[in-house]
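Residue numbering begins at 1 within each chain, and the chains themselves are lettered A, B, C, D and E in the order written.
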């Protein structure tokens, strides 16, 4: 039940985008088309899961035993950057269609603060291994939900008469704000 | 390569024309996350400026030594080191602020402003120019954070830097210090920024 | 010992990853279009994803393949899009600068209206129900070309005909595609004499529909038979190079102004 | 008996009472007729006559080697004045044979009847139909001979005779059905034979119950039935009619023979009978002249090529202020601007009224009425939006090419958005893009 | 005969008489019984809130139209008045008027005009205004006063749903009687109290086919099923579905807010998905959430799904092969 709560909370209540403000860049950038947004979401979920595993291992097997907590930032970012690049190359080699669907979003993920944020938050909250993984998957799905909803709305707004200065990022942020309002209805559901 | 700008222009472009937040839409995560109070915004801005300026200095001074295949990785390591220093410094001397900023100080490492400037500017320009550029960008970033956090703190708590400014008649808009308020305020500010831009452009043509 | 552990850890991690990466890099190198490189060069390299693509490189590739708009980079703004346009343009059109030209002088005074048009006010929409003017070949005047221009180089003139700003025009061809009646084409900027009519109607019908229509009288053909011919009731400049500059005044004797030099109003240069 | 129908659709006011009781009158041919060579779906015919030539009534004056084309015949006897461009009801001017009527109506010797039409072989019927220049007379003017010769492997089992006349105001088909019942049934039987089908279904809307009963009686002895349909627009649209009667769905982008059906308008059936039994080619058709803008409302049998002006004057002329002239019904008809334009084979009606100011247009409020009324199952508002913003690929994905332009969506739209016009823009853009790609 | 004075336009040439403003004014008419009921229950205070709300909505709308150089005519298409009325109906009667103005401005500005005005908004404007107030001023928005027809202790007064939230067990306390809920003799937001008045207006709208019947039916049945399951399994902890249907803002939400044409799906199947989603989310939030009421959040949340729903519930085109199962 704890795990389920954690999972649902990561998706709805403590949504990475709408609550933690993580991954805003791709959230604004790759949310113009639903298909792209969904692929991006899936790619992020995938990388988040991997990162959750890798960062937990680094943190608990190397950094903590040696008392090197302060190297967290450097080593996490190294892990993520290399991991993403390896995965990209691997996918490109193994499955070109998958690369077309997911791989092209991977470079963008390297500098995506959602991934780094996940590693840091998981370390900060002292989750055990299983919890870290669940947290990773849930957060990834939460990101996917937010970005796909956003892309649906933006596809519709593309056809709307949005005031000129607000077109693009402006209206997207306002929509995100109202989405955050709507999502806040779930607060209190999970303590 | 575009024609060289004067030193002044190189500095000023970060304030408006290439303002990282309002014009380039970079570094949105910290911009939104830590601006619920002015003090947090300033601290974040300063920390980012510290990292940006020092990384720019280092990158521009060793730019010839870095092989191009691993340049991004190298930049990241350099940035990460300075971020660690900033993080530790805040934790040691300003624990409450460090606590308030939470994971967002370490997250400076993935702030696109910093990496973007290294790739786009420091790796191609002299140390002096990079320094000016980094200073300009930092100022632009700090100003953006200051603006956003002032609005949010003023409306959300009726105060500025913790001092109660608005009288008791004012009912604070709690929403402004919550995520929804952050998004909406920034969205509206972006709209205003673009509006000003298009107005000034129309006049200059 | 205190210093050694972090150095070792980081060093080992770095070594591990760099070996893996360089190995993979060697294995998976991909050949690339030089245009991609060139476009990549002028992009801001912020990898912000604002264009909808995964980073600047992906955007450059998409532009090079013609999938993305040259104005797609929101960070770079107009500056960058013009640079990209130039990169893409030099590939396509080499040295001669071309501009869009409008081949119709059926302005609000000259062309007769058919009736009261109460439809959607775009050229395309008017065209599919037969247009608002009696001439079915001429400009409809609703400005589809103006809306299509990404460089703000076409404006609707006072008399209901589009005017091209030759300085701003990059000859991208958007307006040519947008015009449902094919009255815009791209021509070398130096070419200043042309036929301002596309009507294939017989003389009487054309004259009735528009005061400035080509009535296939043949004056221009007689003035310069080596370059101009009549085809389907319309004068056509077959070979611009063969027009003798001395014969231009004779050509300009056209009774309906359907052929002649581009006027200042029609060409906003410098 | 349960009335058959199709899902969705709408029911605009009928206004059929204007002309319902008006018998079909023969309109005397005018002094000059203007016969366009392009009166059908497909390639225009090539002229067979030239300036100054004498022609006889029913003489072939245009033909083409193309499959998708139809022959054109003179509707009067007299002298050819010109062969040149003339205003055409479909929009741009088209090549037209202009004939001065000598008033004698001397018939062409080729107009010979057949003694026993029902004993003819299918291919003979088809060639007679082609020679007579018969096209679909409901409005689309698809060459009938082509419709009767399905490609190999597509067997036809049912002939549907379309007696719906679902367009408001029009009653020309109704009068035909009332006055030429036997001819229509005979024509239907010939169509069935030509298409080698098993049965005939005559579909009639329940606002024409008298005609339904009449056909039910007279269909005795013919292989087929008469079906009563609910009065609903667009009941007479081919794909919807097939669905209503047989519950078969013509595949997207397909034609009725993909589901073993041929649909013919009642007017076409009569024309087929005339062509085969008496050798008369298609040079005359029934036209409803109606609407509040005309002094008198009538149903007329008009020679092809008669200018609108002539017919309008026969009805007493236009009323003051009449500013809307539509060829066809008010839902799918084409707005006309010139009274010199001639009646063609696809002219089912000429409607005139005074149009008030254009209603104020609102933004779409997504009420969904267009969706719940579209007989094709499309989302018109989305197609409109994609088309308006130039997203033609998306529009195509959402089925813009499946739109039959029946006009239900725009009729029902509370925001008064010109949905059909936008959809036509989208369709046009997509087809021209495809044409460009091919070339 | 005059030439070239005919009108050129595309078919169809007939148009139905219904129009957007007629639809809007039908909605306004349908709200009259509920507005009248609330003025009866809460007297002058209610009237003041209504006037302030509608006026500030109209003014905000006018300012936007002016700045964007749009036709002032569309100020009177009725949509701004509806937003004002609906927003007022969801406010607690005790709310001070300055907050009412803030809410109205936010409803029109953030909920409608930033998207381009009528027809383009993604979220229900009245609910955006309401949600803004709820999050900005949580205390003011949950301070209730009893209707003037009810004699109770004002200090501990709560709404029927609030009551429900505080009760440890259904059996121990006194639930608001259903009869009061039905007539509206209870505390709560202005317009949501009287079920009978709301139903009267809703019937009119359904009769005029202004609203899609699927949406209220879907919402109410989903909520009834959701709460019904818990009621059957443990009736001492949870109350029966009828209470949930009549209490709080459910009726006004189901009939007047969720059915807002602009922000609800356009396809029939979409309407079902949307309605069932709202209904179950309301149940979820009411039974397990931190707020006593979930109508507003549920509708806003499902509003975000509408573009996706519209996209993936496209009707089958005639002749299109059925999708493989």
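Just so we're on the same page, contacts are C-beta pairs under 8 Å (C-beta built on N, C-alpha and C of every residue); 3 or more make two chains touch, one makes a residue touch a chain.
These numbers were taken from a predicted model, which means no experiment stands behind them.
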Which chain has its C-alpha centre farthest away from the C-alpha centre of chain B?
D
Specify the chain most distant from chain A by Cα centroid.
D
Note: of the two pairs A-D and A-C, more contacts are counted for A-C
Expressed in whole Å, how far the mean CA point of chain C lies from that of chain D is 41
So, what's the distance in Å between the C-alpha centres of chain E and chain D?
48
Centre-of-Cα separation between chain E and chain A, whole angstrom
33
Chain C residues counted as touching two or more neighbouring chains
14, 17, 21, 25, 47-48, 50, 74, 114-116, 118-120, 125, 128-130
Any chance you could list the residues of chain B touching two or more other chains?
25-26, 73, 77, 112, 115, 175, 178, 180-181, 184, 187, 191
Give the residues of chain A that touch two or more other chains, as numbers and ranges in rising order.
25, 28, 71, 74, 78, 81-82, 111, 161, 163, 166, 169, 171, 174, 177-178, 181, 184
Touching chain C in the complex, chain A uses residues 25-26, 28-30, 32-33, 36, 40, 62-63, 66, 68, 71, 74-75, 78-79, 81-82, 85-86, 89-90, 92-93, 104-108, 111, 168-169
Residue ranges of chain A in contact with chain E within the complex:
34, 148-149, 152-153, 155-157, 160-163, 166, 171, 174-175, 177-179, 181-189
Within the complex, chain E is touched by chain D residues 10, 12-13, 168, 239-240, 243, 249-252, 254, 309, 318, 323-326, 328, 330-339, 351, 355, 359-360, 362-368, 371-372, 374-379, 381-382, 398-399, 402, 405-407, 410-416, 418, 420-421, 424
Going by the contact rule set out above, which residues of chain A touch chain D in the complex?
158-159, 161
So in the complex, which bits of chain C are touching chain A?
5-6, 9-10, 13-14, 17, 20-21, 24-25, 27-28, 47-55, 57-58, 74
